[in-house]
Amino acid sequence: MTTPEFDADVTAAIEQVRADVARLHGELTRYGLVVWTGGNVSGRVPGADLFVIKPSGVSYDDLAPENMILCDLDGNVIQGTPGSERNPSSDTAAHAYVYRHMPEVGGVVHTHSTFAVAWAARGEEIPCVITGMADEFGGPIPIGPFAIIGDDSIGRGIVETLTGHRSRAVLMQNHGPFTIGVNAKDAVKAAVMVEDAARSVHYAREAGPLIPIPQERIDALYARYQNVYGQGGDARR
Amino acid sequence: MTTPEFDADVTAAIEQVRADVARLHGELTRYGLVVWTGGNVSGRVPGADLFVIKPSGVSYDDLAPENMILCDLDGNVIQGTPGSERNPSSDTAAHAYVYRHMPEVGGVVHTHSTFAVAWAARGEEIPCVITGMADEFGGPIPIGPFAIIGDDSIGRGIVETLTGHRSRAVLMQNHGPFTIGVNAKDAVKAAVMVEDAARSVHYAREAGPLIPIPQERIDALYARYQNVYGQGGDARR
Amino acid sequence: MTTPEFDADVTAAIEQVRADVARLHGELTRYGLVVWTGGNVSGRVPGADLFVIKPSGVSYDDLAPENMILCDLDGNVIQGTPGSERNPSSDTAAHAYVYRHMPEVGGVVHTHSTFAVAWAARGEEIPCVITGMADEFGGPIPIGPFAIIGDDSIGRGIVETLTGHRSRAVLMQNHGPFTIGVNAKDAVKAAVMVEDAARSVHYAREAGPLIPIPQERIDALYARYQNVYGQGGDARR
Amino acid sequence: MTTPEFDADVTAAIEQVRADVARLHGELTRYGLVVWTGGNVSGRVPGADLFVIKPSGVSYDDLAPENMILCDLDGNVIQGTPGSERNPSSDTAAHAYVYRHMPEVGGVVHTHSTFAVAWAARGEEIPCVITGMADEFGGPIPIGPFAIIGDDSIGRGIVETLTGHRSRAVLMQNHGPFTIGVNAKDAVKAAVMVEDAARSVHYAREAGPLIPIPQERIDALYARYQNVYGQGGDARR
C-alpha cells in the first residue's frame, strides 16, 4: 500500500479539518454531551470528496489530530494516511450517507446527550417555546425514524428528516441526536444547543402548560439570527 | 476616524469596567448559566454616558478586556476605541435602554440559564418560598412581556417590569432572565441567584405543595440583607 | 486594643482550625453546594471556648486561613486577631448557639444546596429509603422550625431538632440545611451527604412509590457504619 | 510477618492492577458517580487468586497505587504487602464473593450514583428503551435483592442476579449499582453507562410514555456492539 498523494490545497485542508475535528471533541465533554468514548464529530474536507472522523472506542483524552481518520464519501478509510490503522467510528456509514446526499453539509455530530435522548425515547419532537430555539433551529426539533446500525437506514433517516427542514438537529427515535452544520464547528454548536433546548423545555413542561410562540415571531427570530448575529454573518462559521 | 479623547478619570473608569466586564463573563460559565457564545454582561462607566459590553458571538475563551466594546447610551459603538471593529452583543439595544431609563443601574446581565428559561416558557413568576430569595430579591421574581429583538420592546419590558420592584431579575416570557445591579458584579450575582432560586423552587414544587413565607418575614429578611450582610453594607458592591 | 494572648496549645489549635475551616470551604464548591459567597463552615477550637468561622460575603476564591474569624461562644469576634477587622458570617449567632448548647459538636456547616432546600421549602423530612442515608444519618433527615436571622431562633431550632436525634443534619423550613459534626470536616461531610440523599430520594419519589427499609435494618447499618467504617473508626474524624 | 513472595509474572500483574484500580477511581469522580469517600473499584490479578481494592474511607485525592489493598478471594488482606496496614473497602466481602463465584469477572465496581440509586429505591428495573442501553447491556438493568453488609448476602445477590444475564450491572434494592466486567476498566465503564441510562430513562419517562424497542432489535444491537465496536473487538478491554 502506498500513501495517497493529494494536491497541496487538499493536503492543507485535510490538516485543518483533522485539527478542527480533534479539538471540537473537547466541546462535547465540556458541555457534558458524551460519556466514556461515546459520541463523534466529523468534518468534510473542502474541495475534496473526503471527510475526517473520530476513531471508534478511543478515549477523549487521546484524540490528537493524527488519530483522526480520513474517509471517502462511501465511508471507506483512506489507507496509508495517519490513523488509518484504526477503525473509524461505528457511525461512519451514517456520516458518509449525509455527506453524499447533502452537499451543503460540512460537519456532522452524534451524541447521546441526556435530555435529547429522553425526548427521543418517547419519539416526541421538542416544541419551539423559547426564543433561543427559534434563533438557532427556526422551529421544533424533529424526530427521525427508528433505525439501527448495519445498513443505510440511519443516514437515510437523518437526510429524509432534515432535508428542507430549518432544524440542523434530528432526534433519531430511541437513539439520540444527530446534528449537521456548514462545518464541524457549526454541527457541534447545534449539538450543544439541542441539548440545552431539550433540557429547558423538559423542565418547563414538567411544571405546567407552555406558552407557544407565534409562528411569525419564530420566523423573524430565525431570519435575524441566521443573518445578523455575530461578526459579519459568522454565526454559523 | 479619530480615536476619541476622554478625561483621565473617564479613561481610568473605562479601563476598570472593561476589566470587570471581561472577568465577570467567567462567572457565567463557572455557574453553568451560558453555553457556547450565549449570554452577555455589561457595565456602566461611572461618570460618563457610556457602557461596556461583550462582542456578539465571540467565544468565552476569548473575552479579554480589549475585546469588550464601548458604547454610548443609545447603544452606538464608540468608533476608534479598542474592540470597536467588532459588532457588540445583539442585546446591546436592550442594555442601552435600561441604562437610559434607570440611572441607578450600573450593570445588566442576560443569560438563557436552564431553570429561569423554564419558568419563562410558562410565563410564570417564581414564588418567594425560600429565605435566600427573600434576602436577595425581596419577593417573587416577575415575568416580563414577550418581546423580540428589533426595536425597544425588550428594553422597555425590562424597565417597566423592574421599575419600583424589589427584584433585580425579570424573566422575559419565552426568552430568559435579564438582571440589573448597582454595577456589573451585582447584576452577575443576581443572574447567579435567579438561576439558583429557579432551580430550587422548581424541584420543591414538583414534589408537593410549598409553604409560603409570611410577607412581614420576607420584608425583614430583605431589609437586613440589603443593609447588614457582608463587609460594611457591601452585599451589592 | 491589644492582641489577646493564648497558651501555646490553644494557639496551635487555633492555627489548625483556621487551616481546616479555610480548606473545607473548597469542598462546598467542589460538590456544588454553594453559589457566590453563600454557605459557611465553622470549627470549634479544641480546649478553648472559641470557634473559627468564615467572614461574611467574601468570595470563595479568597478564603485563606488568616481571613477566617475567631469568635467566642457568644459569637463575639476576638478583636486583635487575624481577620477580626472583618464581619463574621451573618449566621455566626446560630453557630455560636450550637456550640454553647451542644458541647459534643466540633463543627457546624450551613448551605443552600439545591435539593435540601427543595425539601425545606415543603417542610418535609427526607425519608430513609436508601442504605447510604441509613449509614450516615441512621434514619430520616428532620425538618426544623421556620426561623429568621435576628435572634437565637435559628440556633435554638437546630439544637432542639438535633438533640437526641441520630441525624447530623436538619433542614430548617423554607431555608436550608444546617449540619453538625465532631469537627468541621465531619460537618462538611454531613452537608455533602445530605444533599446527595436529598437528590436521590427526590428523583426516586418522582417516579413512583418508594420501598421502605425496615427499622431494624436501618439500626444495623447505622451501628456498623459509625463503628467499623474507615480506618479504625475514623469515619467521623 | 514476612512479605509474601510471588512469581515475577504475578508481581508484575499485581503492579499493573494496582495502577489501573488507583487510576480508575478518577473516572468515578470525573463522571460524578461518587461523593466524599464513597464508591469502590476492584480488579482481579490475572493468573492468581488475588484482587486489588480501594482502602475504606480514604479520600479520592489520596488514591495512589501503593495505597490499594491486595486481598485473596476470601477477602482477606495479604499482610505485608503495600497498603496492608489499612482496612480494605467495607464492600470487600461482596467483591470477593463475586470473584469466587464468577471466574469470568475481572473487575467489580460499586457506587451510589444518583439516578441508579433512585431506581433502586423503588426496586424497579430500568427498561431498555434506548439503543445505548441495548448496545451496552443487551436489555433491561435488573434489580437485586435487599441485602445489607455483614454476611454474604450482597455478594450472593449480585451473583444470583447477574449469572446468565446480559447486563453487567445490577441495582441492589434500596442500595445502589454494582457492576462487573472483564477487567476493572470494563466494570467502571458499566458503572458510567448504568448511571447514564438511569438518568436518560428517568427523564424520558417523567414526561410521557416510552416507546419500547423490539427484542430482535435489542439482540442485534447487543451482538454488534460486543463484537464489532472499537478497535478489534476491544469494546470491553
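First chain written, first letter: the chains are A, B, C and D, and each begins at residue 1.
In this section, a contact is a pair of C-beta atoms (placed from the backbone, for glycine too) under 8 Å apart; a residue touches a chain by one contact, two chains touch by 3 or more.
Keep in mind the model is a prediction, meaning the values are calculated, not measured.
If you take chain A and chain B together, no chain is in touch with both.
With rounding to the nearest 5, the Cα superposition of chain B on chain C corresponds to a rotation angle of 90 degrees.
The chain with its C-alpha centre at the largest distance from the centre of chain A is C. At the interface between chain C and chain D, under half of the residue numbers appear on both sides, which makes the contact a different-residue one. Note on chain placement: the centre of chain A and the centre of chain D lie 32 Å apart, centres being C-alpha means.
Distance from the chain B centre to the chain D centre is 46 Å, each centre being the mean of its Cα atoms.
Shown for chain B are the residues that touch two or more other chains, namely 206.
By the touch criterion stated above, chain A contacts chain D in their complex at residues 35-38, 55-58, 86-87, 90, 112, 114-115, 117-124, 146, 148-150, 173-176, 202, 205-206. Of all the residues in chain A, the ones that touch chain B in their complex are 31, 129-132, 189, 192-193, 196, 199-201, 203-211, 213, 217, 220-221, 224, 228-232, 234-235.
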